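In order of appearance the chains are A, B, C, D and E, and numbering begins at 1 in each one.
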């Protein structure tokens, strides 16, 4: 259980922190969605990195190969990527509508506008 | 951009290749990387490219909104329908073994059709989203 | 092996781009950086033997997402108006979550351990029997479309949901009495 | 019809009456009031019909729904419940007549809601009386609170709304915070919540738990108005007088003391409690409530407020008696439930008559009113004497049993408290009677006239009942013996 | 024969109905198809509930691939009960939506609304019957994405910001969940829940399991609006179209609760939760905070739907409190409250929607005197409110009884006190409505007395009647919840 053996997890952790930080700290809605994308993409590494076997190959069965990297995380992450882009499309559509309804996509201004309406 | 002749010619040449490539990705997915999702994206990209070069209305004439919306739904129906076919032929839901007399052949058939379903829905959705985003803020007359 | 340092280098670059994204305030710049990020991610995934995933990430991250962002920025404007304020709470929260994850992953097998559970349970059947059972040599496709085909039906439904969601959100109400299919 | 069907019908009739009243609506007021009266009479006969069977040992039972596993919503008629039902149903007949007179004479609004809720309150009270277990009792107890809330806030004014909040707040809060946990704990300890002669907790509970549980029950039954949870009762005085009668005599506080007796006798069991001991704190609280409420009543000028605190004090008699854990005291408590009902309703009827006929609400305004309203004030006098506990009134009978219970238990504190409160009762009631008959009216006071006939008849009837119970106590005593004797 | 396939068809029927509605492009036909799909789901769920009660859990291998290689659908007493609740409330919401959604959404987007409702239903049902941790994520996202759009369909522009906030937090939650599942997968090599339950205790290092449950709990906690992760809920419920609020209030958070309970008790097991991982006490503390703080916040809202939304956060606190006891009676009480509160809150949102339709809004200033203008609806609302308080004779009492009993039996009488004390806060907020509805004069220009359209009133009253029926005759729900708890806590191993 060497420290170096866990570098893949660190990449996951760092990207997750960066993404989460952008999502929470930034007020611009588009920027939030960018952060969300990075946050989601950290999961890709969480699944895929441990599936790699050094000296292995892409999991397409063929003559001359015996060691394959793990295909199951690939399948799962394909789904995760698709879910991510679907969420992004929806999020951007809502942002467009918000911009049309409020004239701004900054969180503070939106809160202020809603507070005035009350 | 719409007046740039070179771009237009390049696009005319490129788009058929893109569609060919999509078909390759779709059907080669069994043997190499790729499959319905990637193929669907490439098909959509080809049409989007066409739309960017020739203008949104031209793309809409080539692939009309109604057809796109049908694609969006048809892919899911096709995929889910393969599952139901499994039940009708005496297996479980999404059971491909029963789709043909030989189980492995049935698997092939099932995978083919579900990948087709994925490609249809993905390309439909990508196109539709493009139409909607690109059409936003223009003359509402050509809205869906 | 040369693989491991190369992968590690890609991770460092990914991290650097993520930081740049956080700091960049011009949203067009952010989108360009995001595209770069996805491209790096795709490269890393390819290096990790995830060819299908790499291809998809390239198409989705560098392609579709960028187009979506640009289309949206075209409609909503491109400057993030406010600099960051009070970043401490988000920072603490992110750090806490990150540390939790670090703690947890220390309980997990090390990189490329062939005896890790994910390599010894469930997956061997896919790799050993997959071709015979489904006739598909690309095991990713076999698992995606057959063994876990139901997940993919769900995934297609997610795409469908997003599609009709965007239609619902962005379709304008038809003015006047225009009749007809579209 | 079997007895069980009678019991079920007794609970159902008032609710059916409420529905009929609501259907008749404001436009067909004669039909509406006929429906009220008819259901009252019908209920009375149903309850009376159950009497002989219950007295001879029959316990008609009606299981309804499985509310929670192992605990059914179920009815069962036993002597204590029958007695309470008999009091409530007979007083409903009288108070219906009185209400019709009062509401019409005072031109009150929202009368449909009034009659419907009144009927609903009676239904809930009968439900409490016939509950076969604690959960059913709790159900009807809460229902009674909710259905009387619109009556308390009848006038819809800010004052009424505030009173409604106090009313609902105290009654719901005590029931949810104390009564419900007490029931749940009982259920966990015994696996049942059924009322059984001799109690269900015997042998399953130690003295400390019993003390806590008893406290939860005593304070949880907020309708018994044990201090410090008595405030809802004076607050509710903003309601029209028939509502006060309902609260103080017919249903609400009666339901409270009924629940106290029922819990002591059928959940704990007198013997269990007596063997565990430790009743002193409750005796003390009840005794304190008894005396303190009397003192407050003495200082109140508003007639209804004085009556309200009198009720608080009278209810404490019952709690006090219950805390003695002797059969004689339980008999006294049971009888006091009956006696106080007839006495207090007479007093409230009289107060309402005075308000209706002379528009007076304060004790200090009552000089010489006996000349204008002789029947009313005579009835008031009878009620007052009964409250004090003098013969030949019903109150004497019950106080006698309580006192002898206290003597038998050699609890001299209780005896002293009883004596003190009797003196205080006399001190705050007799001056009213004295003023009415022997002080000359203030100059310029026109003197007025009697209230409408239905009201006068109603109060004379209840006053008569006070005397009748003294003269013929056999029936009530027989039932009370059945309660106390197990 | 067909009944064998009900586990799959339960989910697939609404899932297929959605694209069919899109193909047909008609609101009227869409409504009919949605209703048919819902009714079919109700029948299938009821049949499954009966079947598992008679002969134990049902496992269904999708694609005929045996678990853990393929995806397993697994129906037991818990999942069948929740599926029945979800599909029943879905049916009621669709019936209600015919007039309600037509008025609030209208026009050519209406058929898409029904398609999205079906997707949401399919997603929720999929989460309930699946036996696979990752498949649960996929269906979670189907339900979430459709929910974001449904919320955004509200009339007020605040629906858009609420929807966006929900999208961000919901996606963060789902991603946390996937991370947790990823850690579990890396530690055990499997995604099948039953297989996980077997292999997790053998996994090398307990740290991974601890962090995984933390991530999963946080992720699902966001979805189920566990305090303090509830920030998205009030806005989403307050501004969504009425039919959507009614549907979500009865189903969405409830399914997330089910999923959490499934992973807690079926995968980890109560012993592990109480012994090795300090997650139950944390949840208990948060539940107590929810019961008081969120219920307290409900009192000061000046919009009825927002008040109901905060009340939901508080009521979810009761449910998670029951789970945190980690005893069978506690979990049973929690499941019973899932059912009872689901029906109650749906009814209340439907009634609030009926008021909004006629009065133009649900702010308390709009609702003054509504007791006179809409007497039936208002009365039904009071009944529903009594169920939130937990007055006997309503569904809320039955679960409060069970919950208090479970807390005392688990040696935690403090929690029983919390449940009861916080219900007084419910008295306060419900009575605020009562006084507003009955003691305030209707504003000038208020509509003449009259009720909402019959389909809306009828559905809302049917659910209110169910609240009373479940209150008077609570044993069936508690019995089913008891079996569900037994299945959750012992079934998967």
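By our rule, a contact is a pair of C-beta atoms (placed from the backbone, for glycine too) under 8 Å apart; a residue touches a chain by one contact, two chains touch by 3 or more.
Bear in mind the structure is a predicted one, so any value in this text is a computation, not a measurement.
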Original post:
Tell me, which chains sit next to both chain C and chain D?
Top reply: E
Subject >> Path length in steps (a step moves to a chain that is touched) from chain D to chain E >> reply: 1
Original post:
Suppose chain C were not there; which sets of chains would still be joined by touching?
Top reply: one piece
**OP:** Determine, using the mean of C-alpha atoms as each chain's centre, which chain is farthest from chain C.
**Re:** D
**OP:** Report the chain closest to the protein's overall CA mean, measuring from each chain's own CA mean.
**Re:** E
Subject >> Pair joined by more contacting C-beta pairs (A-B or C-E) >> reply: C-E
Original post:
Can you name the chain that lies farthest from chain E, using the mean of each chain's Cα atoms as its centre?
Top reply: D
Subject >> Distance between chain centroids, defined by C-alpha means - chain B, chain D (Å) >> reply: 78
Original post:
How many angstrom lie between the CA centroids of chain A and chain C, rounded to a whole number?
Top reply: 5
Original post:
chain B to chain C: how many Å between their CA centres?
Top reply: 20
Subject >> Distance between the centres, which are taken as Cα means, of chain E and chain B, whole angstrom >> reply: 36
Original post:
Which parts of chain A, given as residue numbers and ranges, touch two or more other chains?
Top reply: 16, 20, 50, 58, 60, 73, 76, 78-79, 82-83, 86-87, 89-90, 92-97
Subject >> Per-residue multi-chain contacts in chain E, two or more chains >> reply: 15, 18-19, 22, 62-63, 134, 138, 141, 145, 148-149, 152, 179, 183, 185-186, 191
Original post:
Hey, which chains are touching each other here?
Top reply: A-B, A-C, A-E, B-C, B-E, C-E, D-E
**OP:** Give every residue of chain B touching chain A within the complex, in rising order.
**Re:** 31-33, 37, 129, 132-133, 136
Subject >> Contact footprint of chain B on chain E as seen in their complex >> reply: 2, 5, 8-9, 12, 15-16, 18-20, 22-23, 25, 60-64
Original post:
Quick one: in the complex, what on chain A touches chain E?
Top reply: 16, 20, 23, 29, 32-33, 36, 39-40, 43, 46-47, 50, 73, 76, 79-80, 83, 86-87, 90-91, 94-95, 97-98, 101-102, 110, 114, 117-118
Subject >> Contact set on chain A toward chain C in their complex >> reply: 1-2, 4-22, 24-28, 30-31, 34-35, 37-38, 41, 44-45, 48-62, 68-79, 81-90, 92-97, 99, 105-106, 108
Subject >> In the complex with chain A, residue positions of chain C that touch it >> reply: 1, 3-4, 7-8, 11, 14-15, 18-19, 21-22, 27, 30-31, 34, 37-38, 41, 44-45, 48-53, 56-57, 60-61, 64-65, 68-69, 71-73, 75-77, 80-82, 84, 87, 89-91, 93-95, 97-98, 101-102, 105-106, 108-114, 116, 118-119, 122-123, 126-127, 130-131, 137-140, 143-144, 148, 151-152, 154-155, 158-159, 161-163, 165-166, 169-170
